[in-house]
């Protein structure tokens, strides 16, 4: 049975292009699902972007007015890949139009905004999905399976980190990401959201946290026109403006099930390129994964003999998660965008099934609750419990 | 300027699908080239395959008669992804039809056949290209650049290997790959062709070789119907037939420029999953690469100080080769099929330029000359010079 | 000029033997220093131990009464390698006898006890030294040199950990290490002391901490006779007693110079064998080291070109620290006990120079001040400043 | 029961010192064996060397006349650590004196010389031993155990290499190692002897070989006085002399049991520091080891499930070989000289038992037979069988 699903994408920067390619891959990689996404319309303020997206990916229509996406009768799914400060307004409109919604992380600029977004989608009865793409690496899925099967025994430790260099250069321009007004939280909202989401998936809910933050680079060159881009550099004598959110966040973490852990993220660190990694220890085994080698998983599953008493380096292959949808042979890696294709498939399958799958806005809210506890901890200088912000109708 | 190029693909197994996706990526990843491949028609004996290919990838037409591809007026490029024993016939027909030709490796079953194929394309004046996809890994391209710039000094050593497990199970069925009649050479023709091509690209022409071969598994279960697939297993009590080509090949290698080296390949080894790797040493530096970690390159470029006196692990990123066409940030990996997209782009750009680029059938012939010397060495038990088989008109 | 120094060792368990061998190596490895340690006398409660030590290592005398070591006129240095609860009494006696003192870490069971021990040695005017042996790995010394030379720029991040499995088995017996009365702190005093000392050496003084602890295994089998050993296992139906100190400790850490960091240690974790590691990031470089590969250092020192933009794996060799005292060639590793030989040399050289070197009891006290702040943080649930406990006369 | 064994060491360069320390460690590390080596006398042409050896290690006597070692009534074992060209003469004298003999590799300058040396010791009825120290790494011993137990199934592949940089600098002086007259073979005799010995131990006897050699650096600066040292550099305008043996050797190798393999060694390669490594594949498992990480073993022992389908990195610990004699805990490495202590113990235990253990001069001869076949292959340019040179009385 074939399920044609009309897709509208808002925001045709890098991430919007990535999402669009991901939808296009679904019919091919998951042909047996019967899901046939149709790229109906793409929107962006910048005309050149929508023209390129249309030409390169085959959208039927393109617009510079994002409202046109919501109004389009063939659009069943709205995909939001815009800066954070636009998410609430767009979700509100999409929910009102009864569209299913994919929103890039972080969903809201603040936990309160995420709670509002979650409420809007819930009340509208639409399916939601969030771009926590690291979940979908086949080796991560396999890690999750091992944990769920109890292969690691009772979990004891979880360590998650995400270190990136995108803000390491002091000449990196003062884009929206560095400003509370547009981005909300800094690294806690941006890349640490992946850390928390992954921890939720693998180790379960978090009971309490003690957090810390720091801003290493407090002034950055002002972009000349509008927002500049993620990778643009200013000049040493450019006028500067203040960075108003944090470069660095760390936390001590206690999970509800007794697991002890730490989280740490920085966007202004020098050394790691894209070190989104985790380590999990249990009473019978352990594992660790690093996105910089996403096609590997290191697994410790001793059996009491010397021959098994070390970490085994597993190479991605058809035996692990959905890897086989991309490559039939062993030891051949997939790429970052393939995670996005799996993500798109999981979302569309959730729509076909009429069953909300994870990660939904509810999962984003669970994550926001943890962020909120960390933010409170910054003020109180003490441990803070994770409290649900869910807004009931 | 836009260049629309009509593509016909013959053979819609895994590799044919991979090639088709690769063409589809070109308009997107290399949008500024103006190249716009159009998937005109796909062909395969198996109707289900062409139906799937058409549905999943959007070919305008599909056929079970490969001659229809050659006859199609919109087809400018013929892409051959069929078993080896069909290559010659198909190339002959494609050349006669004046189509540009992409052929998967190994081009011919024997060096003589490759020489014939090279002659046909040359005389027809069409552009040819061969699927030596490991060339296109951005970190390999960067390795080549460093060598070409002389950063490693004068090269002294080259070690290339390709170990895979696809034939390690004695119950793996007697498909065409194991039979001289259909495949020609065994591992020498199959995966060792990648080793030799890579060595040619990085270290230059080979002067002489001393080779060795072995067949570890001499009987395999007969497939019930036709050819079976690469990964099918028989049962221990199935009737068996003889493996008539080699599982293992090794060689001592002297390059024309004085580089000393070794090649080694096996399809029936236990341990390595897809270890296509090389190590190059020169008088001022060294590097090594392994496809199992294709997004990395280990580079030794000492400067006489202790801080630089080791191998540096470089992670793929926009600074290396064409990686930035896929991912704008550092430390984020691409996948195997992205190499095929680069390959497709290089081929199509060669057509647009009207300039034969590498690797062409001439490069396949250069490789075949080395294979031929290795084969002679199997018989003579001594060193054999590499001699050109090129057939002049 | 030759300096013969008489050595008395108290406590001939594994660590006492290690220390004794270390002294014996000094005359050989550091022959040009003129230092000639003489193994005068060894002491232990267990007669078999001292007999073995004497036979194997050549002590002139052996005793089961440790006071005899202090009373011996040829003993210039007293080396204490006994359980923690005996340190204070022995240091008091050694200081009163005017002997130079080497004490294994952790010096005191509590920060207060360490402060008392530091005061005793200081007032007696003797040279002290502490067994923070990881300092002495040549690749760690080289890391320190790079930091001191400013090669990493201004430091920004420090992450230290020590994970070991010695307490991971719930049947591991309730030895003195698990009891506050005998050991004082648990993992914070034991292996985390190495983490803090290393951080002090590499990144400087710590301003404040927020700590956490956990005890995963709360009951352990009682040893039948006395204390059992570090690696003895009980039976599931043995009578048990309570573990009264922590298995796990973690902390968020702010250094006085603005470096942000984390510490984490566990003795009851499953997976890491002896993962004493650190990572340091600065504004111009980064490095990381792991004792499990103590003969390596990973160093990131980019120069703005793609060829240098990754971590370089340096292999130990004569160019790094004092490695050349053990091995003249590159890429050949030294062992754990060689670190102890370097430590013994540094201590004895300090005596010969009449200049207190590091790590002294004052360094142990600086570390104890951090531990004290972590302990206070356990109670207050908030950040605690590091306050000096130094006891003035 | 105690076995005191008098030791005389000839040649007090680096290796002679290493051997002497190794004997000294035996009483301590292998106390339960009852073996108590006594350092009786050391000899070297250079007076400063024997003085240092005596002072640092405690030899009872020292001499510049090596014949005094053989004449000493307390000497039961003669340890030869001199340049290759002196081995034959010294072994002849030691055998005539009825002493047990340890000789550093390569035993003879040529296979013929090794055969002569083997004959002399055999006819004298003394125990012999050779310094193939890589055999004794605990992780190598464990590898051997796994192979002997059949855990890898039937062996199929063996790859051995030893790459070092000691001759990579063209200004490295023309010491005895580079001259046929003094050293005999070049890299084939020097470091490739380790490769062949290891292969013999792990994979058994070799049936035939096809070899190759090359000399990259054909002229080197003449040392001013005598022979210079291993690591001395000349100046670009120094007078030079010819290198008369090979820098590089490679071989295709067939073992008697059907294993297929390659050997490769170079002393003038740029990159590897001390890469003495091997890889072994069988029909049920595989393993690989590299001396640069001698405290690790990578082991592939799949069981058909995805969780075991990769190489496991084992860290040295008491569970492996004799590692526990040095370190009681897991994950703590030993050093290069500890291998020499194990070697010394194995040799002395062989003497105590009155049973010739391996590696003896007979094993050195087996290795020389392989070298001889490789040398013949250099001349014949074809495969050469391994033929025994053993000289019967």
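We call the chains A, B, C and D, going by the order they appear; numbering starts again at 1 in every chain.
Keep in mind that, in the parts below, a contact is a pair of C-beta atoms (placed from the backbone, for glycine too) under 8 Å apart; a residue touches a chain by one contact, two chains touch by 3 or more.
Note that the coordinates shown come from a computational prediction; the quantities given were computed from them, not determined experimentally.
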| item | value |
| --- | --- |
| Each chain counted as touching subunit A and subunit B at once | C, D |
| Longest centre-to-centre distance from subunit B, chain (CA-based) | C |
| Distance from the mean Cα position of subunit D to that of subunit B, given in whole angstrom | 42 |
| Averaged-CA centre spacing for the pair subunit D and subunit C, given as whole angstrom | 36 |
| Between subunit C and subunit B, distance of the C-alpha-averaged centres to the nearest whole Å | 55 |
| Residues of subunit B whose C-beta touches two or more other chains | 272, 311, 315, 317 |
| Footprint of subunit D on subunit C - complex, ascending | 14, 17, 21, 27-28, 31, 52, 55-57, 164-166, 230-231, 272-275, 291-295, 315, 317, 326-338 |
| Residue ranges of subunit B in contact with subunit C within the complex | 142, 146, 151, 299, 301, 306-315, 317, 319-320 |
| Of all residues in subunit C, those that touch subunit A in their complex | 153, 156-157, 159, 210, 212, 214, 216, 248, 250-252, 254, 260, 262, 264, 266, 268-272, 279, 281-286, 300, 311, 381-383 |
